[in-house]
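These are the structures in question, set out in turn.
There are two complexes below, and they share chain A, which is joined by chain B in the first and by chain C in the second.
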Partner chain A sequence: MAHKTLTPLLEEAQKIAGPHQGQFRDSIVTGIYRTAEQIAGDVVSHTSTKRQDLDRQIDNIITSPVWGFPVMFGVLAVVFWVTIAGANVPSGILATGLFWIEARLTDLFMALNTPGWLHGFLVLGVYRSLAWVISVMLPPMAIFFPLFTLLEDLGYLPRVAFNLDHFFHKAGAHGKQALTMSMGFGCNAAGIIACRIIESPRERLIATLTNNFVPCNGRFPTLIALVSIFIAGSVSLSLSSAVATLAVAGLVVFGIAVTLSISWLLSKTILRGEPSSFTLELPPYRKPLVGQVLVRSVLDRTIFVLSRAIVIAAPAGGLIWILANTTVGDASVLSILAGWLDPLARFMGLDGFILLAFILGLPANEIVLPILIMSYVCGGAMTELASLTDLRHLLVDQHGWTWLTALCTMVFSLCHWPCGTTLFTIQREQHNWRWTLLAAMIPTTVGVIICMLINNLVRAIGLV
Partner chain B sequence: MSDTITLNCLGNGSIALVKEVVAEGLTRRRLLDLGLVPGTKVEVIRRSPVGDPIAFNIRGAVIALRREVAGKVLVSPWG
Partner chain C sequence: MGLTYQSTGQLTTREMFDAKSDNCDYIIALAGNPNTGKSTVFNALTGLRQHTGNWPGKTVQRAEGNYIYKSHRYRLIDLPGTYSLLSNSADEEVARDFICFARPDATIVVLDATCLERNLNLALQVMEITNKVVVCVNLIDEARRKKIQVDAAKLSERLGVPVVSTAARSNEGLPRLIELVSDVASKRVCPKPQPVSYSKDLEEAIARLEPRVRDVIGKDINPRWLTLRLLDGDTRLLQAIENHLNAGRTAPVVHGRRRDYSNGA
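So, the complex of A and B:
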């Protein structure tokens, strides 16, 4: 009722204000700023401009036409290199320790005379996949995440957005998409939530639909492990971590290129429109609280990985063991499923087990590689996998992987459906199952097409 | 009176006074909220490696604007 009587009044007010409405707004803002300026002038005193000058000198280098992009690539490479070189040793120690415990558990089950299937399900299924997730995934995450948090705290990320904005502009996307992508390195679900900082719905959708092309913390260790096994394995030891670093950095740059192309395609087709205006603050550099960042993010990551391992990897490990040990006719359910997927997977340069691992890894990307190893190991005789050399032996000698298989697996890891948590987050943010579906379809389509191209081109040329 | 040009035409290092914001709607409000009201002193700090966006010193904060947005701010060169 109230609004009926109000409407004519409002209309009249609007008629009177009409052409001057903008001026009111302007004079209010001007007034506020004048007052603020006065107050600030009275109470704030600047003693020196040294800090500001230093900031500008730093910016002179890291946003310069000559050094801007090399510095960006260099920082990325250093972060990867530290992660790759640093994760190796703790990974090995964790694996040795956890598999020693597995052996003791087996002894215990033997001593208690438990039935074979119970030992298989609990130790070879549940416990082993836990051990795998922790030893392969935890060290890279615990190193990469704090490093990235340090960069964030320093104030470097807005400079990256500043450097890259032109390309996002060209792609019809928002400059802050560089920031949401950076968040995606930590976790794509977090990246999706970060898309809230983009005001225009069109550009927020573009950023949301393409966030998955940035490898999250759950996929990084997979990429790092495969790169270390294949690319670094084929050069001399002293060069290997440098080569692995370049390969991972190359993959990330490839992911960024795909992000930009798909953003461009989206803004030319289903999400047509002009890029909206945006302002980006380049905040002063701050000295990060190194100790605090290290302790907090290492602890946070450890707890995060451990909880994911227990909630998702453990049940998945049990399921895989059941699938691998339930036989229909002569073959296990796992190999039957893999067999169905095999023709398509082979055409993409993968094999049925790899594709199946990606599908079963839907709940969390962390478990894709462990699932794959589990399904390879369950059928075979191999029980000890304490190092990357053992893993190389399993993949190359027992399952016929070539560098092409590894490359296609890495590309598919970079470009396939987002994990369950991310899809759930997209649904919650967008409230529209069509966008959620599209968020899964776009990367999958891109991944399938690129893998098919790579596989068939390489084979046609005869490189493998 | 000095000439009126748009903010994006200024070279790095130059300083200007805001005369008017000619943008409309959300962009206008955003620019005003940043403190780009008439009379404000703005310094051009740098351009991104590919020339766009441009970073300005607006009331002590470093803010980057895309070229077409900066083109909506009329200024007169200062000093």
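So, the complex of A and C:
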């Protein structure tokens, strides 16, 4: 069968076009635009432009060089404040309820005369870690996700990207990285998939390697819980949620700053090149459909994140109970492992158990805090934690946490290796294990260095 | 010999796009600018009968879903949101190649009623490739709030294709959209798009070249559109077209329904 070719036609086209060739592309574009303009002029009629003006006025404020950032920080702070202030009470109620059930389960196991190890594994291991995941993480998620989805629906996130675009450009990265970073606030794996919107491989790599510096759904509740557990009580009650809010908002800003610095560093060293330009459309503000937002954020995010946490936390809880109750010599395996990590961890302002929790939390960031609580509880004498105040007791009084420990833990949560899913996604997107390795190495190195600096600086000044 | 299906490694027929026509009667493409509520239209039409993946060989997200209307099965392919089809960005290439080579039975172009002029650019470009177009002027509720009126009947007359106003968020106008798509896909209605008129020089060049294109290519690809691309000298696209023309002859149509290329567009 004859092979069809366009070559003769193309040659003829070039002959016909002659010197006009260059003008034809312009003519094509002009023709289309003019036609569109004419048709639109004929079929569209405006009776008022008041609303559009309002949109523009709002945009002028929230994307202005002066007010853009204060507004952004303010919105962020309000969202966190509502979350933190609102989550305390339901967290307490859930914890009380779930641990009341734990006591009844214990009674049941006693009544059935089951062996002690089975009770330990199932109730003190699996059930207790589930109870912690639910009581610590569910309330903040149930408040935070709908709020965040509302912002998305309103059209605020593209404005955030617009505000940040300039900075990313300065950092030698692609402006669209502001968008992929915003996606990372939802889920880093999703953020990395979103990096596909960046056309240049160099800039896509920068976006991929630095996506982990913003806290995802799995780490937000950890940060919020840690902040509210820790700061609630240490300052007077009326101040506590305000301080906690500032702490979380500050952490987010810190994460963005690290993202920008590392992007800049990468574009000056191993990924050198000029940033490319792009068009960012600011969509009109839309009235969010509140019902849909609630359903979507509860179903898609809260339930999804929670169920992922539960699926991973249940076996992890069991595993930790086993580690804590298997003894070699006179120490449990868990405390031996933690003991090995302790010197390094102490230098970073953490302790061995915290570092171990981060390592064991590789499958999912959601379970780092539950693992930590589990390993503290299993090792210590405390058998029942009835409320968040007790949890604070556990951390501060029994394990010597200070505000510095909490700060270093939060910073390390922000800057350490990505979770297993994210690493897997990076590997699938880049098809190169070196980049995947680098994606784990960069944040870890940054986290270790910053924690060490903070810890040693604070101690040297003598603040702790 | 020559560039066959295997030797180029490029599947340029429908199968290249994984648009399997085995258990559906019509394939419908969904095009539109970003932020026009295209996804809302897609979700409203297909509900939960959808799945997502990648375009073959591209890191561009794709979604497809099914719906049934009057006992016919329709497969809706969500094309990437683009502002035009003229550049060679990955998104625009995917959208353009699908409309041009996979030859959907109808293409819905979703327009934002609040900024119609900019959105019409894409509609005009789609209509240069295929005549089987249904224009969906979406976000009509938002336009109403902004006191913008769009005369759908007049727009339809000017474009030469069916036009429907919709507010996909509240399902307004979607039944009519489904009806119009069915009319076009089943060939009960044959839209005749008004061609874009270009500058005098360009129109003269088209008039000289188009008959030759018709002779060589037949009606497999819209001759006026191909003439424009030849005059534009878009070599990357022309290469893809060449592959398609030859693949169309050598590649067997794998999935059930055979395409009848002799009938033209």
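Operating definition for what follows: the second predicted complex is superposed on the first by the 430 of 464 C-alpha atoms of A that agree within 3 Å, B and C clash if a C-alpha of one lies under 4 Å from a C-alpha of the other, contacts with A are read in each partner's own complex, and residues count from 1 in each chain.
Note that in this section contacts are C-beta pairs under 8 Å (C-beta built on N, C-alpha and C of every residue); 3 or more make two chains touch, one makes a residue touch a chain.
Since this is a predicted model, take the numbers as computed values, not measurements.
Trainee: Considering only touches as defined above, state whether A:L289 meets chain B (first), chain C (second), both or neither.
Mentor: Only chain C is touched by A:L289; chain B is not.
Trainee: Please indicate which partner A:I39 is in contact with in the superposed arrangement: first for chain B, second for chain C, both, or neither.
Mentor: So A:I39 only meets chain C here.
Trainee: Pick one for A:E102: touches chain B only (first), chain C only (second), both, or neither.
Mentor: Neither chain B nor chain C is touched by A:E102.
Trainee: Quick check for you: in the superposed arrangement, does A:E203 touch first (chain B), second (chain C), both or neither?
Mentor: neither
Trainee: Tell me which partner A:D351 touches in the superposition: chain B (first), chain C (second), both or neither.
Mentor: Neither: A:D351 stays clear of chain B and chain C.
Trainee: Once the structures are superposed on A, label A:P65 by its partner contacts, choosing first (chain B), second (chain C), both or neither.
Mentor: first
Trainee: On chain A, which partner's contacts cover more residues, chain B's or chain C's?
Mentor: Tallying touched residues of chain A, the top partner is C.
Trainee: Which partner does A:T30 contact after superposing on A: first (chain B), second (chain C), both, neither?
Mentor: both
Trainee: Identify the residues of chain A that lie in both the chain B contact region and the chain C contact region.
Mentor: 25, 29-30, 33, 199, 279, 281, 283-284
Trainee: Can you list the chain A residues touching chain C in their complex?
Mentor: 1, 3-6, 8-10, 12-14, 16-17, 20-21, 23-25, 27-33, 35-37, 39-52, 193, 196, 199, 279, 281, 283-284, 286, 289, 429
Trainee: Within their complex, state which residues of chain A touch chain B.
Mentor: Within the complex, chain A contacts chain B at residues 22, 25-26, 29-30, 33, 55-56, 59-60, 63-65, 68-69, 162-163, 165-167, 169, 175, 199, 275-284.
Trainee: For a test of understanding, state which residues of chain B touch chain A in their complex under the given definition.
Mentor: Of all residues in chain B, those touching chain A are 23, 26-35, 37-38, 40, 45-46, 48-53, 55, 61-66, 68-69.
Trainee: If we count contacts the way the header does, which residues on chain C are in touch with chain A in the complex?
Mentor: Counting only chain C, the residues touching chain A are 1-3, 34-35, 59-61, 83, 86, 89-90, 114, 116-118, 120-121, 124-125, 142, 145-152, 154-155, 158-159, 169, 196-199, 201-202, 205, 208-209, 212-213, 216-217, 227-228, 230-233, 235, 238, 241-242, 245-246, 249-250.
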